[in-house]
Amino acid sequence: MSGDNTIWDKMGSIDYRYVYAITIVLILIPVIRPLGIPMKTTKITVDYFNAIDNLPAGSIVAVSMGGGMGTLDELESAFLATWRVLFQRDLKVVFYSTTADGPIILDYHFKEKVKPENYGKEYGVDYVRLGYNPLGEPGEASFALSIRSVYSTDYQGTPLDDIPLMQNIDSHEDIDLLIYIYTACTSVEIVVRQWIVPYNQPSVGITLGCCGPMASPYYPGQLLSFLSGSGPGAELEIVGNVPGPGALINDAKNLGIIGLLIFLVLGNASYWGKRLTGG
Amino acid sequence: MIRTGTYWDFILLVLMIAAVYYYMDKALKGKELPRIRTIPAVEAIYEGVGRSIELDKPVHFAMGASGGQLHTSLVSMTLAALMILRHTVKLCARLGSRLIIHIPGQTEAIPLVEGIARDAYLEEGKPEMLRRDDMRYHGYASTSFTQAVAGTYAREGVGLNVMVGIWYTDCVMPLEASKIYGGLNVGGTARWIMAYAFAMMTDYLLLGEELYAAGAAVSDNPVMVSGIASEEIGKYFVLLLLIVGLVLMAVGVNMGSIFAM
Amino acid sequence: MALPFWDLLGLWVAAFFSFSVLSFLWKDNLYYKFGQQFVVGVVVAHNILTSMQAVYNNGVVPIMTKGQITLIVPILVGILAYTRLSRDISWASKYPVAIMIGVGTGSMVVGTLRGQIIGQVSMAITDVFKSSAPMDMLNGLIIFVGTVASLTFFVFTREHRGALGGSAKLGRIFLMISLGANWAAETVWYLTQMTGRVMFLYNEWLLKGILGG
Amino acid sequence: MSEFVRRELPLVLIFICGIAVLVPFFFPHPFLNAVKAELGNWAVIIRNVTIFLGLIYMSFSQWRSLQRDKSMGGYIYFVAPYLALVLFVGTALAFPGYINSAQYQWLYQNVYRAQVSMYVSLPLFYCYSAAYRAFTVRSIEAFALMLGGMLYTLRQIPLFTYLFPVLLPIGEWIMLVPNVGGGRGATIAVGLAAIVVGLRTLAGREVTTIEVR
């Protein structure tokens, strides 16, 4: 038997491209006709929402924006839900960008998706946007010590001292909550080393789904919470009652995984089939 | 005095300096060093170069779209990858195989990458084998680097594919593309988050710290090999710290605040 | 409702480059080659533009406006990297490399001591007792055992036999579970990205761009 | 040029820069902190000054590829990156706002974002085919790999957590306990190895920093 092309051999040597094609079709189906399968929310997402919701009125929130254009499909639901939750409350928000794409994403979101003025928010009084600065770890350390040592103007070139909101804000002491956004999984160590360990700064994180496992050792002992990927982003839409794109993306994931399951069944059937038939 | 919150860091640093100095001194004096267990992936590189010659396909070496980091905290991984580059170049020169080096995005690393390749060819007496047109630069972004490397496998073939050093999402496509186009994959990264891709897509794996051990093993330099013995001292210290710390914590000592000293 | 010209053209350009990447799944082809080489040019151009901006903002402006003349040194040292192109004075290209490796090594040692070793050891111990709930303590102990076992897997100077062998084998199982979890986290991220791209091509390009929906 | 300037001085430079970044971590002092910050700035400037080396090395291989293949495909392969280079650099310089101008952002969004978003999606298929090979229950380690992978994958898919709610806590447990145990041990081992390489580099004994001529 061995050497002949048995059914087990065929199962183990399928041309990958068939399953690639099946997977694309399976992803397309819910995009055309959503399945509407409800999502369960987890404690980690509720903790994230509470970290914002429990802030007293007038608290200062700093958002370290480290997002990238290439990963926007994964993180957009978490971003939009977070902006909506922040702007729905009486909070002052300081956005600063650590990636070149950061300002581009914030421009795109605040002009088209979440308009601060629709929430009664006034630039320079309720929120401020500092521009792009490739801070890295040393820059985050300097920012925590003194914002003005890293940013002398906002993203439009206005000196910080001329901005009402920034009058009494210059260091970690003035910040009640840090929302740290990053896409390189090891960057979670930067917020731990430069904000949490030295100053016990209350912090939450937003990162890619693949960085969840690497962030989990720091939750809840050091990070109050973190959202990793579009799943938790969709959960925050539910917990915060701020509908967005997350629900649809997660709905479409449901069938896309089936391509993988096909591969798994065939791969194991092939291996055990050959083994049990002495192939 | 030492800044609060760094006492344990200082203790560990002093211990590691002592261990490195002790074993380096032994190596320089030609004394016997602890034996290092074999790492299959190191042997596989030699086997792979031979295979490439039989198939008349080039050997490929890549250290990541962002694998030339020199001034960040991943610099050690860059240097370990360059040790394996040096070894690969020497084997290719000795056996007469064509080598394509995919330069990382960091242009500041280019002098080092080319310098090491040139030195290795010189040591084997084959300086003419260094070809700048086989040192491919694909831009400082994983999207351009990854697609170009995968495309090169398809167009110019791949015999042995060595991928080591600092890898992010950029490793998945080249690893599978090399497999699809018949390459022998040897590689690994010390970034644990991406180790899964190498574990599932290579024929010979360097898992986590094995990247550093392989870098030292291929150096033919006792001082480098002595480094592995120094690391073990660190491991034993950490294991001791873990076990004693757990016992102390169990009897009520607040180890969290002790480590925050 | 017809889209403005530039928005419509943008959709077609984005769809063109999206399909060029996707075509590699079938096989290498001229369409993929063009897209792939074009994006290399885009990246090199963007790198040059942003780098020149950084040299101007971080170097030239402080020299001209604040008189920080020490910043002339890194500009000149950076230029030494180009000596690598010459056969005779290529040794000079070691100087920019040396400064960067020195800075990198210093920050690596500092960051690694706390972030990757002492911090991990501290958490491995304190996680066991961070809560009095039995399940939390059990989980903390499992994490502790996994940490010790997986660390012993990386012992190179002694054969894995006896207690060390048993511990290393247990460590290998923990490592495999961790590899599996990381594979899962990444795969579902890629699935989300692919879903996002399919949504863009269907909703934006097909419905809006072509059918004017 | 003397052997000291060719070989020894760069190693001394590595040591000085490394110590200058390392010492302020343990012994903070305004002057030492300022030196560390200045060196960090130098490294950024040096890095950006070397950016044109990439274009030079790209051009070596592009020119050679044209010599090898003078077909239409060969010319497309050769011209594509330079076409993008001229288009992007030209746009940045032609319109006010440099790379923040609306025109440049239009190009960047529709060419680069489409490419990178689709490129980040492609590994989905490669992770599927890798799982097809690797996720076969042939040993306890392979089973652990598959277990960790599948349980945490299905935990992230709403359909499966809806049909089998128990997958949610199990998936969370996989991520928060065995994954952390295995990953922590590996991280500590890697950290120790990195520090040894760093100390050897500062001591001027790292082969890759000595030998380069």
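As written, the chains take the letters A, B, C and D, and residue 1 is the first residue of each chain.
The working rule: contacts are C-beta pairs under 8 Å (C-beta built on N, C-alpha and C of every residue); 3 or more make two chains touch, one makes a residue touch a chain.
Just so you know, these numbers come straight off a predicted model, no measurement behind them.
Undergrad: What pair of chains is linked by the largest number of C-beta pairs in contact?
TA: C-D
Undergrad: Determine the centre-to-centre distance between chain A and chain D, using the mean Cα coordinates as centres, and give it in whole Å.
TA: Centre-to-centre distance between chain A and chain D: 19 Å.
Undergrad: Any idea how many Å lie between the Cα centroids of chain C and chain D?
TA: 4
Undergrad: Centroid of chain A to centroid of chain C, CA atoms only: how many Å?
TA: Taking the mean C-alpha position of each chain, the two centres sit 16 Å apart.
Undergrad: When you check chain A against every other chain, which residues touch at least two of them?
TA: 16, 20, 23, 70-73, 134, 137-138, 197, 209-214, 217, 229, 231, 250, 253, 256-257, 260
Undergrad: Hey, what residues on chain D touch two or more of the other chains?
TA: Residues 25, 36, 40, 43-44, 46-47, 50-55, 58, 108-109, 112-113, 115-117, 119-125, 127-129, 131, 133, 145-146, 150, 153, 156-157, 175-176, 179-180, 183-184, 186-190, 192, 194-195, 198-199, 201, 209, 212-213 of chain D touch two or more partner chains.
Undergrad: Got the chain B residues that touch at least 2 other chains?
TA: Chain B, residues with two or more chain partners: 6, 9, 13, 71-73, 75-76, 79, 105, 107-108, 110-112, 115, 138-141, 143, 147, 169, 172, 177, 192-193, 195, 197, 199-200, 207-209, 213, 228, 231, 234-235, 238, 260.
Undergrad: Taking the touch definition from the header, please name the shape of the chain graph: line, ring, star, complete or other.
TA: Its topology is that of a complete graph.
Undergrad: Which chain B residues qualify as touching chain A in the complex?
TA: Per the stated touch rule, the residues are 5, 72-73, 143, 168, 180, 191-193, 260.
Undergrad: Across the complex, what residues on chain A touch chain B?
TA: 16, 70, 136-137, 184-186, 197-198, 210-211, 213-214
Undergrad: Which residues of chain A touch chain C in the complex?
TA: 17, 20, 23-24, 27-28, 31-32, 71-74, 76, 100, 134, 137-138, 189, 192-193, 197, 208-213, 217-218, 221, 228-231, 248-250, 252-253, 256-257, 260
Undergrad: Could you please specify the touching residues of chain D with respect to chain C in the complex?
TA: 1, 6-7, 9-11, 13-22, 25, 36, 38-56, 58, 73, 76-77, 80-85, 87-89, 92, 98-99, 106, 108-115, 117-125, 127-128, 131, 140-142, 144-153, 156-157, 173-192, 194-195, 198-199, 201-202, 209, 212-213
Undergrad: Which part of chain C faces chain D closely enough to touch in the complex?
TA: Touching chain D from chain C are residues 6, 9-11, 13-15, 17-18, 20-22, 24-25, 30, 33-35, 37-55, 58-59, 70-71, 73-75, 77-79, 81-82, 84-85, 89-91, 94-110, 112-113, 115-117, 120-121, 123-124, 139, 142-154, 171-188, 190-191, 193-194, 196-197, 200.
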